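Order of writing sets the labels: A, B, C and D. Residues in every chain begin at 1.
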Amino acid sequence: MNNLWQYRVRNVFSVTIICLSFLIVGIFLSLSNNLQYTAQQISKNMVIVFFLKKDLSEKDRNTIGEKLKKSSEVIKTQFISSEQALGKFLEKFPELQGIVNNLKINPFPPSFETTLKEKILSSDETQSFIQSMQNMKGIDDVQFNKDWVERMQSLSRLAKAVGFFLGGILILASFFIISNVIKLSVFARKDEIGILRLVGATNTFIRIPFLLDGIIMGILGGMLSLFVLFLVIKLFPLYLGSSLGALNELINFRYLSLSQSISLIGAGAVIGFLGSFSSLAQFLKV
Amino acid sequence: MNNLWQYRVRNVFSVTIICLSFLIVGIFLSLSNNLQYTAQQISKNMVIVFFLKKDLSEKDRNTIGEKLKKSSEVIKTQFISSEQALGKFLEKFPELQGIVNNLKINPFPPSFETTLKEKILSSDETQSFIQSMQNMKGIDDVQFNKDWVERMQSLSRLAKAVGFFLGGILILASFFIISNVIKLSVFARKDEIGILRLVGATNTFIRIPFLLDGIIMGILGGMLSLFVLFLVIKLFPLYLGSSLGALNELINFRYLSLSQSISLIGAGAVIGFLGSFSSLAQFLKV
Amino acid sequence: MIELYHIWKQYQKPQWALSDITFRAERGDFCFITGPSGSGKTTLLKIIFREIFPTQGQIVINRRNILRVPDHKIYSLRRTMGIVFQDFRLLFHKRVFDNIAIVLQVLGIARKDIRRRVFNALRMVNLHHKMWEYPAHLSYGEQQRVAIARAVVNSPKIILADEPTGNLDPELAFEIMSLFKEINKKGATVIICTHDRELIRHFGHKIFFLYKGKLLRKETL
Amino acid sequence: MIELYHIWKQYQKPQWALSDITFRAERGDFCFITGPSGSGKTTLLKIIFREIFPTQGQIVINRRNILRVPDHKIYSLRRTMGIVFQDFRLLFHKRVFDNIAIVLQVLGIARKDIRRRVFNALRMVNLHHKMWEYPAHLSYGEQQRVAIARAVVNSPKIILADEPTGNLDPELAFEIMSLFKEINKKGATVIICTHDRELIRHFGHKIFFLYKGKLLRKETL
């Protein structure tokens, strides 16, 4: 503690580097959180529409409805009659009101809108479920936004890639940086260590202050990075304005969860400890 | 040069930090390039549609067409007749073929599709131009995708924000880091500087090797960061796969332009030089 | 009791810094090691407090073969020793007081006692008025005296002093030597390397003469 | 010609490290400064080669008031001086050769000449066989001799030596002193701080005695 203050310039420097490392990890963690969240949102809204034959009897329709409800793949099913479909269409394209009113018949078929449990549409169960439904009597067509499915899958992959690949590399990199910074500070005090050994200090006596320094620096760096991350997350959207619409979801950062924050600080402490410990070994000879 | 090799551990460390700083700057510069590019793409495709009254005489239509063509705001104008509009609609919604065929009249009005020169739709000139057109006889309505306009404007703002705000802060931060690293290495050699002064070396004699070291380290760090950036940009999309569609544009990085790359290396050299020079000053007394 | 058996030391081929040194200092001896510059005096002392290892040979201190003591246990030997290094080895970022107190802190001595004992040690070398200075603000001879105070502060059983009066005036050198002699009289073994013939003549009890790594003469006055 | 007029130096209040020193060394003088540890000898030398500034007073060297010379021009004064520091100030990451060559490199002397002159300087202090060693691999006395070789290698007009023989045996100390005397005979002014009465008695020409920062006696033998 005493020494932390004595070498305050170097230590401010070290803590800054630790903080920057963790900040990078934190930003990507937060981005990963965000993408995970977006992917979830998208798959929650994934709807499969089963269009029915127009002349379907009520009984057949109910059979299909029951089958959908009972299927273990399905969370929610909603029947949309021809009239409801027309209403929805007019909501979307009000300028076509005139045309539609001129028509004598309703061109929209009735349908079931279904929300699936599985989030990944390409999974075998989902695929075979859709297949089996398509083959049922009375079902005319199945429609779902293929683009969005693929986009969602890519996003999910992106979240994992950023979270694990980049995050992993960056944590390794920051471990390297941190242990080197601490080695630097141990190195600067190698005379002191040498003299302590020569006047009869035990290894534990020599280690403890260095370990404490390392742990404190790691924790400080971790906490500082959380604080800076918080500022970045709060201030960044303010600066950009909020008119990005859907893109907003992608660019806005979500703050880390409590357990993630604690893990980050804990990782700081562990890295500080390991960094000090490993840096000391070579000086505790003779 | 000789000294660079002597202190190789610390220098590898310094170059790594310089490289990381520039890498961060480079990533954001590349992201900024990318957003700028996307914003451009979007605004290139920005089309304003002027719907015409159905019963407009050919003469009036030509007047409007001429006015649009002559306006200094407009790059391209295309007349879309009612029939063309219907064709486009059927292309988009083939399932409505039946309904449309049943109609006796064509519900789509003729229109002019116009591409504007100005990229920012909210600019005063553009606004007043649209206003003046709207007031013209024979024009029924003006339509443009307001969402996309605003999204584009936000993106453009985002590009600037990231490019200048974050980029600026990060360049300042890396200047701070770099000059501190160099100060550290000058500090480690302050005995040497002191002895050189005491045996009668001129300040220039003392400075030159340090300045060279600083410049070489800065250039090495800059070049290394360009190389790593190149790797990141090439490898990242490979890892993610290419099925992101429109999002791809946003996440894919574009490499820096030649002049940006040269500026980055130049900045490395300048920062190395300034860092060394300013770090030396305090040791050239007595 | 310090016994060296056939000690050889080679830093770099082909020269031997020490060759075949056999030497014995009984408890309570007051020994001088002398010899020209580069003859191996410092090397010999370093081997005794095991900062470096001999290439060959055995060292027995108080019946323990110290070459067999592992690194992490060597502290118990060092705690019985007081060492004055030829290059002082002071900590320049710590005050004179802390430089000396460190020896007692390592032993786990109470804060109050530390204060008193450090002051006494400094008074013995005539430097109590510089207790709160930093070593960089002392003259070279004063730094040497701090190193001496640090060596004697824990009343060691063995004192190893390497050229402890090289930067002191003759009067002060004499005083320091008398201090060592006093500690010696209380039962400590003292080994001093020096070039000062005057001091050897006056205080010498056992005298070893090194020349190019060889023990040439042993005299007992 | 070195002239000091009413030099006062205070590092910290309230003590004066030097008080009212007036002193003159003619060209070709061979002066000793002596006095107990902490009396201000090193301070006096440091003021002469302008590592530190006096609190009051004037220093004139070869008719130049050196307190008026700006920092970036002081090198021309230092190039005429050879200084042996009490703490040697060797560069531990450079070999003995480079430690000495640095003085000549600064003067822009040709590589070949440097080699020859460094070797000659090392031979004068009996250390040519350690030319390619690092200082850390030398004994303390050997390091001191490297410092001496560095001071004399550029045939300076003024030699300032601070306790140059503190870690050397009497024979070697005598040789070193003879070396200084020889350079002195060629016209250089030599000022040496030492505690060694023997050397002063043998070589002393002008002797200054410092005590607690005051110049007590000047003797000319």
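Things worth noting here:
In the analysis below, a contact is a pair of C-beta atoms (placed from the backbone, for glycine too) under 8 Å apart; a residue touches a chain by one contact, two chains touch by 3 or more.
All figures in this text were calculated on a predicted structure; none of them were measured in a lab.
The set of chains in contact with chain C as well as chain D is empty. Farthest from chain C, judged by the mean position of CA atoms in each chain, is B. Centre-to-centre spacing of chain A and chain C amounts to 64 Å, using the average Cα coordinate of each chain. In whole angstrom, the spacing between the mean C-alpha positions of chain B and chain C is 69.
A separation of 25 Å divides the Cα centre of chain A from that of chain B.
Among all residues of chain C, none touch two or more other chains. With touch defined as above, chain B holds no residue shared between interfaces to two or more other chains. Across the complex, chain B is touched by residues 49-52, 71-72, 74-79, 81, 83, 89, 91, 93, 102-103, 106-107, 150 of chain D. Residues 6, 191-192, 194-203, 205, 284-286 of chain A are the ones touching chain C in the complex. Of all residues in chain D, only 11-12, 34-38, 41-43, 86-87, 137-142, 144-145, 163, 166-173, 195, 197 touch chain C in the complex they form.
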